[in-house]
Every structure is written in structure tokens, then in C-alpha cells.
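Take a look at the structure below.
By written order: A, B, C and D. Residues from 1 in each chain.
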Amino acid sequence: MISDRKLEHLMLCRNNDVEYRKKTGFEDIEFIHKALPEVNKEEINLSTDFFGKKMDAPIIISAITGGHPASLKINRELARAADKLNIGMGVGSQRAAIENPELAPTYTVVREEAPSSFLIGNIGAPQIELAEKAADMMDADALALHLNPLQEAIQPEGDVDATGYTESIEEISKNLKLPVIAKETGAGISGQDAHTLEKAGVSAVDVAGSGGTSWAAVETYRAKDRYLGDLYWDWGIPTAISTVEVCESVNVPVISSGGIRTGLDAAKAIALGADAVGIALPLLKDAYIGHEAVITRLEKFKEELRVAMFLVGASNLEELRNSDIII
Amino acid sequence: MISDRKLEHLMLCRNNDVEYRKKTGFEDIEFIHKALPEVNKEEINLSTDFFGKKMDAPIIISAITGGHPASLKINRELARAADKLNIGMGVGSQRAAIENPELAPTYTVVREEAPSSFLIGNIGAPQIELAEKAADMMDADALALHLNPLQEAIQPEGDVDATGYTESIEEISKNLKLPVIAKETGAGISGQDAHTLEKAGVSAVDVAGSGGTSWAAVETYRAKDRYLGDLYWDWGIPTAISTVEVCESVNVPVISSGGIRTGLDAAKAIALGADAVGIALPLLKDAYIGHEAVITRLEKFKEELRVAMFLVGASNLEELRNSDIII
Amino acid sequence: MISDRKLEHLMLCRNNDVEYRKKTGFEDIEFIHKALPEVNKEEINLSTDFFGKKMDAPIIISAITGGHPASLKINRELARAADKLNIGMGVGSQRAAIENPELAPTYTVVREEAPSSFLIGNIGAPQIELAEKAADMMDADALALHLNPLQEAIQPEGDVDATGYTESIEEISKNLKLPVIAKETGAGISGQDAHTLEKAGVSAVDVAGSGGTSWAAVETYRAKDRYLGDLYWDWGIPTAISTVEVCESVNVPVISSGGIRTGLDAAKAIALGADAVGIALPLLKDAYIGHEAVITRLEKFKEELRVAMFLVGASNLEELRNSDIII
Amino acid sequence: MISDRKLEHLMLCRNNDVEYRKKTGFEDIEFIHKALPEVNKEEINLSTDFFGKKMDAPIIISAITGGHPASLKINRELARAADKLNIGMGVGSQRAAIENPELAPTYTVVREEAPSSFLIGNIGAPQIELAEKAADMMDADALALHLNPLQEAIQPEGDVDATGYTESIEEISKNLKLPVIAKETGAGISGQDAHTLEKAGVSAVDVAGSGGTSWAAVETYRAKDRYLGDLYWDWGIPTAISTVEVCESVNVPVISSGGIRTGLDAAKAIALGADAVGIALPLLKDAYIGHEAVITRLEKFKEELRVAMFLVGASNLEELRNSDIII
């Protein structure tokens, strides 16, 4: 039953316009061109360390799927790309496979295909009892606890009791041996919520702000009556704003995601303080074609990032993070 | 004669575009999404007390009609919805029925259909002599004194002597046993006027600001020569601005109305300080269909309000009033 | 020869789009609606004194024409309207008639038709020798010295030596028995120029700012090569800004003109500090039809002004000048 | 081989839309109209001294071409115009002709046709060894060192090692007998880079900011895959902003260029502090027609500049530089 909804979500995201009408805010941010970069673009270093694992670029394939037979191919193709490029990757919520072990391969394929990549498991914030199992299943490097009140509110069958989340996050963070990442799913995290999450003990925050995939949009297509999803289609904190707010509020690593579509967006996110960026929707579409399509997009993405770094005179991510921007 | 104009107004509002081209200002106000609402949406409490009467939601059907045979059905259907949902309701100006008692049933039907709802009578601000009769006729819980200088100025047969209004409001407020509500009709109330009204002794203010039904627009259609109504079509203080100004200027309860179209608008009005919201035009159109249509719209409206409250972590109206907004 | 150009100008203004693309700035100014005007609209007083002559409304028909046979009818019809409404009126530059007395009737018709109206003669700022003759010809109540560097710069045969203007204005102001009005022709007057003019001794300033008739536009149509007029089409200080600046810089009366099209524009100009408003282009078009058309437009204009005054609670121009505006 | 790319560039610039979508910023800058200019437009003086050579107008034909047989005609026609109008002119990068002396005439034609004009040689910033040869070849009055990291980054065969540029500029500035001009090629120079350049010893800075020809755009048409050029099409510091920044940061003369299209743009650039303006793209198109077309455009340009000066009351460039502007 959960699986069917998952397929519906995949199909809707693949075929329909499910993105925010409101922008991420990155389009209002500009770098200052350097006529004298004093950098050799060939020697720009995109690599970064994430919880002890080296990634060749500050890119994480955001949590998308798993738990439905159709997820197997998607996760396999994404994982092959993650492996090839040595970047990070998350999987979708693992509850289905914990409840129904037959679905486990749709997740474990990721570790098989990307044996040394930085991989992130995924469960809902209140699912204390699933945390360890989820991490183990994946041989994960970190576990994401997703926060999706907007989707739950719009989804006809949504779970709208959001009490106890903070406590549950605290519990999991205390007991799990892996780093815990608090992750929104497209409506963003405020500075204040980020502060609460850091106090609850999370090891990283993934802002997943508005401007990319809108879960109100996705659920609009599923609803009998579209008024609610349509009204809330654009609800959320734009990714650029959420990134600034979270980076100013916490000391743990920050992943900027939600509507990240080019390496120039990524460069801006990093200049705003992010440690890495996440991408979901475009890679889902590529994964249907195959891992080469995923890789092609991500190679372009890396080249776009490199050009931005070259033109602001940054030879590595640390220098990019310190470059000037105009808002 | 008055009755004929009333029918004309109903027909124009039902069939023509009579809304402001300028917006209410609510579209420029945003809530801050809470990824951790810590609220159970099922337990959100929309109820509020208004002058000692409990309403199940902070919604008042704004003054629309009465005084013409055609009003009977409209008021009956609106009252049934008010009764079913246990919300407030106002009627249109009662002068006609006081001058011509035969028309009284078009008003009294409201109390019959909504025996325990919070009901508001309605007369013009200077009509001291009608105040008590109007309140009695309806067995009203409060009496609205409407202020409509814009309509009077554009209406060919308008009464454009607006002197003595403040004094008359003072007089009625002092002598009537019921709470008196000063109410605009779509052009809004400034902070300064609200202050004058509070000093004159009113018990509540209904801002009825610009952005919804425009009385200059309505009268444009009735005028021989449209230049004047067209020029003043957008005259007025946008509802969001009027709401902020009035809430900052007075200590009595404030109703925010004029262009309130969704529960998200309502949530914003309440976060700006309003105690309840009023809606007229969309419900008039629904009332022609029947009370079920009115109820359906208002149920959606309540759900929209609940979703906003959930997503900002407010479990009741008091918490909503204290939530952060960005202007 | 001068006469031919005058006819060309009339025809171009009548038939072509000669208005600024950039607005006057009045559209960005808003009054604050008064729900409690405490004014009787029937008793609103629009009258004002201008240099000792009473006008029934603060309206001056701006300088348009004279000096070509075709001007006779236009000036006659405008003068009849000025007489009927007891408002002020200016004529176009009188040089032609001083140089060629046969053309005098095209100006003197104005005094004949409007024997008691406030009438304004008109010459170019440097034409010291014409001042007295121009005033006498018209039995004028004041003499306008027009400033039109934009037109001179774009006009193929323009007189582009603008040196000595200030001195000449000083000279005329000192010697003429009538009040002297410094008047732009559509590009506006800055606060600094207004200060210079006041020091030079003028008795009033007519800002004639940008947003209405553009003399760069008019001359664009006459030029062999349109690039210059097109580039400067929108050059000038918007009327609302020029009005604010001039009113803040001088103590003499200020006429606000240039793109004044409705009584609401006029109300805003007066609230910004102007003593009266001027209108040219729309009245020129009406004058071709006849004085009734001019009167009809101006009656509407007065009604629009009265409605604005009613809705801000101003019973006379002094109160309007003190009403609040939002910029 | 270099020559072929040069021809491609010429053809693309002639036939395709290669301009920034983002504006120069001059459109947001306004002069304050002077109703009393106190200037005789006929006597306005546009002349200026540049490194000891007098120019009849503050205009420099920006570096465009040379080094391909097709360049000969273009440079000849441009030089004839420069000679006729006694203005400055730059040539395109001279490397080709230094490496292949047969191509020298495509550059030397400029000095032949404009024997007494202010002429500027051109090489890339790191090409120390070419500096003297380039200057000598042209009998140049100054040598421009061009900075074009944006083009190099987008161009498939681009040289993306931008290290050592500052040092090389320092070296050339110290050793060359001519003034050295640091020149961008359309992406602008920041205040900080200008400061670095002044410290490195350059004698002038040509901002060549964004808003005119976009080298990302040009290279987009040449690329196999257009994503990169398209993404960076609008990268750069708008010319007006770059002009302000550079003028505030350095004490050497500043040339404002990049999207300068009218004499009004030029007037604004000079009021912002520039000593002269540069123009490339429109003159390239004219040069294909012949020097008369170049002259016609530049005569209009000068007239536009003169009108701006007249209307702000500036009789020479120094007064223009001190006139007020609104941003």
C-alpha cells in the first residue's frame, strides 16, 4: 500500500510540473566577477570531506526512493553514478523495507553499486524504532531523519500528528552510532528550527528549501480536490534564505538542497556557507534513462561549478566559501 | 425604491467583476515554515469567544443583504450555514425593514435559522433613531454601524453629508445595550479613524478594507457615466494594512475583512492581530446555490486555516496570533 | 514662418501620441481613506485666490496657442470655458503677434471671451523687449516666461543659446507691473532652479513637469531623423517630483502641471503643496470640438477633485493641502 | 588557426544576438533636468586630453580586430573614422601578427589611416614578451592588456590558467615606455581588482563591463554544447556599477565601456567619473558598410552627448563630470 503511493509519487514527479512557482532565491544572488582570478581552472579542487569520507565533489544525490519494485532500477542507476563520480547519495524512506523485508534489495542495491560512497539512510523523524535497522540495512554512513509536515498536511492519508518529533530526534541522535542528519523535503528549515535541531543533537542539517520539488504540488495531483495543494503549492522558505539562516544558526555541516539545478546555484549555496548541495528531481528523471545520463548531468554540473570558482578566483571550496556575494 | 437598488446591487455583485484590481496586501505577507511544528493537526482548536458567545471558528459572514424579497432566500441559506458551523453572521442595512415592516422577515429569518449564532444587526452610522429597533428586530448580539463614504460619493443618489457621524456613533454606543461594531464596507479604516471610533465608544471595529468587493466598482456599473467609479475603483486602504493599523491603534476586538478569500488569508489576518475575519462576496454567490455550497466553501476555508496553523506550529488562535510573519 | 510651425505643433498634438512614456509620479502617491470624513460633499469649497483674483476652482488652462489663424478658434473656445467656469487661462507665446500685429486677435479673443478671468500672457524667458507689449495686448493678470530647453535642443531650428536667461528673468520681474510666472513646458523644474527663479524675482512657478506632453516627442515627429527626439522622449523631472521639490524650495505660489489628467491627480498635486494645477493637451483636443466639450471635461475634473476631498475629509483647498499622503 | 577563430568571432558578432540580456545599469541613472541651463549648446566643448594627445570627443573605438585578412577592411574603415573625428581607437589582440608578420598590415593600416589619432595596441595580460613588439608595430600611444577570463572559461580551447597575470602586468607596466591600460572585455572590473591594477602600475583602466557584447554569448554559439555559455551569458559587473567602483578606487584615468550605445549613456558614464567611453559592437557592424556609416553613427552620438550636456548646463566635460545624477 505504501509502495503504491511511492510509485504514484515517482510517476507524478517524472511526468508533471511539480516544482515551486516561487524561486529558490539564488537568482537574486550574484558573485563579483574577478578580472584577475589568479587561479588555474585545471587545478581547481572540488573535493571535500564529509564525516570522514572524501567526496570528489560537494554533491549529494538527495533521498528519492526505495521500497517499490520500480525503485530498484532508479536506485541502481543513481548509485552507479554516485560510485563513478565518488559523491554522496541518500535513499528514500526505508520504513517499507523494514516492514516488508522483501523490498530490502531496492535499498541495498545502492551499497552494492557504490561500495565506498558516502551513503545516507532515511526514516521519518518520529520512527525511533527503525533507526538502527535502517542504518544497518544500507551499511549507511549517516542516517537522515526527514521532516515533511507540508506533505503530511496536504496528503489525504497524511500523518498530521507532529508532536514529539524533537524528542524523537534527540533520542535517535543520542543512541545511533552514525551521524544523524535532520532533513526537510522541500519546504526549508528556519534558523530557529535549525537551532532546536542542533540542540537535539543532530550532526548535520539538510535545508531542502523551497524552489525545487514542491510536495504540496505533488499531492495536489493526487487529491480529489485540488484547492488545498494549490493554495500551499508555494509554501516554504526559499532554499537560499533557508541556507543563510541555517548556516548562521548552527555549527554543524549544512547541506543546501531544494531546487539546486546548476553548478552556479551550488557555488552560491557554498558561498552562503553550505558544505555540500543536494539534488533530487532532475536526477530522478535522468535515472529512468540510465546512469550515463545521471553522470552526464553531474559532469556538466561540476564544470559549471568550476567555472564559477574560476571567475571568482577560488581554487578550492574553502576559498569559494569566503568569496564575496551580492544579495 | 431602496429595495430596487438592493436587488441591483445583488445582481451586479453576483454577475459582474466588482472586486478591486489592487490586492489586499496579504499576498505580500509570509509565514515562516516550521519543519518541527510539534502540533497535532487533528487537535487544532479554531474556536473563539466573541462578546461572550462561543464561535467554532473565527469567521463571520459579513453584512450582505435584507430588505428586498430576494434577500429572504440569501439570508436563510447563509443563516443555515452559520448555524451549522456555529459561526457569526451579519445582515445588510436594516433601514428598509424599519421603514417598511413587511420586509422584516428578510432579516428575522436569520435568527430563526441560526437561533444560537452570534448575529450582528446593521444600520448606517448616522441613523441614531434606528439603532434599538434594528437590534431588537434581529434579536442581535451586536449592532454594526456601517461607514461607506466611497459608495455614497460614487452612487448617483448617494448621501454625501458625512458630518456628525462621530457624534452619532458616540450617542448610539452610549445608549444601546448591545456592543456596537464600527464597520467599513470595503475601503478600510485608518489607525487614526480607529482611534476616533474607540474614543467614541464602539466595542469592536470591522476594518472591511480594500482588495475584495469595491463599492466604487459596483456603482460604476450603475452610473450613467463611468468615469468617476472607474477612477475610484481602487480607492481605499488595503485590508492587510488596515488590519495592522487598526490592531495597533485600538484595544477592542478587530474583525479583518475585505477580500478575505482563503483560510490562509484568515491566518495572516489573525497573525496581524485580528480576532476574527469576515467574508461577503463569495458567500453571496454560494447562497444563490444553497446553504450546502456555503458550508462546503467554509469547510475548505477552515481546513486551509488549520493547515496554516499546523505549519506554523499553532494549536489555537492565540498561538497563531503570536506566530512570526514576514512582510 | 513661425506660424507654420505653430500649426504643425497643433496638428501633431491633436493627432499623434506625444505624451511621455514615463509617468508623472502621481500614480505612486496615495491618500489615506477616511471612513469618517465629517464633511458635507455639497459644501466643499474649491475656490481660491490667485494674485487677488478669485477662481472658482484651482485650475488653469495651460499655455497652448495663439499666433496662427487656426489658433483663433481654439483660444476662443478655451476662453469661453474659462469664463463659464471662472478659472484661469494662459495663452501660447505671443512673439508672433508682437512681430506681426495682424495676428493679435488670436490672443485678444481670450480677454474678450473671458473678461474677468485670471489670464496669463506668455513669452520666452530672454525676450525682455516683448514683456510689456505681451502683457498689454492681453490685458493680462500675469505674464509667464516659458523655459523650454528640451524643445529647443531637439527642434531642428531650435534656439540653443540658453545663456543670460536668469538675468533676463530678473530684469523682467523687476520692471513689469504684473506678477511674473516662470514656467517650464513639460520637462519640470528642479528645487535648485526654483530657488534661482525665486531669487531672480518671479512671483510664481509653474513646474510643467514630465509625464504629460513631451516636447521631445512632438519634435521627434518633425525631425528628419528621429533618433534624438526618441532618445530624449522621456527626459525630464516627473511632475509629482518637481512639484514636491519646488514647493519645498520656494515661498511663492506654485502651479503643478504636466500630465495632470484627473481631479485625483489635482488633489495629489495640491496635497503636495501646489496652489493650482494646469492642463493643456486634453483641453486642446476638446477645444477643436467646442467649449462645451472643454466645460464637460472640466466639470468632471472638478467632481473628481471634490470626491477626493470628501474621502480625505477636506472641505476646502487649505485642508486638502494639509491632508496626509503616502509616497 | 587563431585567424579562423577571429573570423568566426567577427561573423558571430555581426550576425547573431551576442549582447547581455542584463542591462548596463545606465538605464537606472537619471540626470536632473535644468530648466535654466545658462549654456550655449553651440559652444559646448567635447574635447579632452588623453595621455597628452587631444581628442575632439571623449570617445575611443574599442579593441575589435586585426590578425585575419578580413580584419583589414574593418580596421581601415574604423581608422578613417577615428582620423576624421579625431578620436581614439584600439585594435584587437596583436599576437597573431607578431607570430605571423604577414598579418601585420591588418594592424598597421590603422596608423596609416589615422596618423595623428590616439591609438591603443592590444595583447593579453600575460604576454610580457609581446608588449614592446605590439606597441612598436602600431606606433601606438598606449598598450592595452586585455583580461578575459569569462571568454577563456567558456571557449572550448580557452587558456584557463590565470595565474601570474598581476605579476605580468606589473612587469609590462614597469618596462614599457608607453602608458599601459588594463582592459576587460565585457565582464567588468571590480573596485578591488582596479586597486590591484593601479598598484601593479597601469596608467589607465578600461572597465569594459557587462551589458553590451557578452563573450559567454559569443562562445555559446561556437560550443558543441550550449549549456555553459548560456548559464554564464549574463555573468559580469554591469558597466555603470563597474564604472562607479573603479572611479572610486583608482586615481588613473578610467575608460567606461561595455554596452555604451548612445551619447546619453556616455554622458552618464562621464558624470559617474569616467574620462572617456569605448564602443565596439555597433561600430563593427558599421565598419562592414564603410567609414561613412561609422562617422554617421558617431556624429549622432556626439550630438546626443551635447544635448545631455546642454540640458544639465555643462559646457565642457569637467562640468559634466560634476553634474548631479540620481541612481
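Here is the rule we use: a residue touches a chain if its C-beta (ideal position, glycine included) is under 8 Å from a C-beta of that chain, and two chains touch if they have at least 3 such contacts.
Note that the coordinates shown come from a computational prediction; the quantities given were computed from them, not determined experimentally.
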Interface sides of chain C and chain D: same vs different residues, half threshold: different
Chain located farthest away, centre of chain C as origin (C-alpha): A
Geometric centre distance via CA averages, chain D-chain A, whole Å: 45
For chain A paired with chain C, centre-to-centre distance based on mean C-alpha positions, whole Å: 64
Multi-chain contact sites of chain D, meaning residues that touch two or more partners: none
Chain contact topology (line, ring, star, complete or other): ring
Contacting chain pairs - touch in the sense defined above: A-B, A-D, B-C, C-D
Residue ranges of chain D in contact with chain C within the complex: 31-42, 262, 264, 300, 303-304, 307, 310-311
Chain A-facing residues of chain D, complex: 147, 149-150, 153-154, 160-166, 182, 184, 187-190, 192-193, 196-197, 210, 225, 227-228, 231-232, 235-237
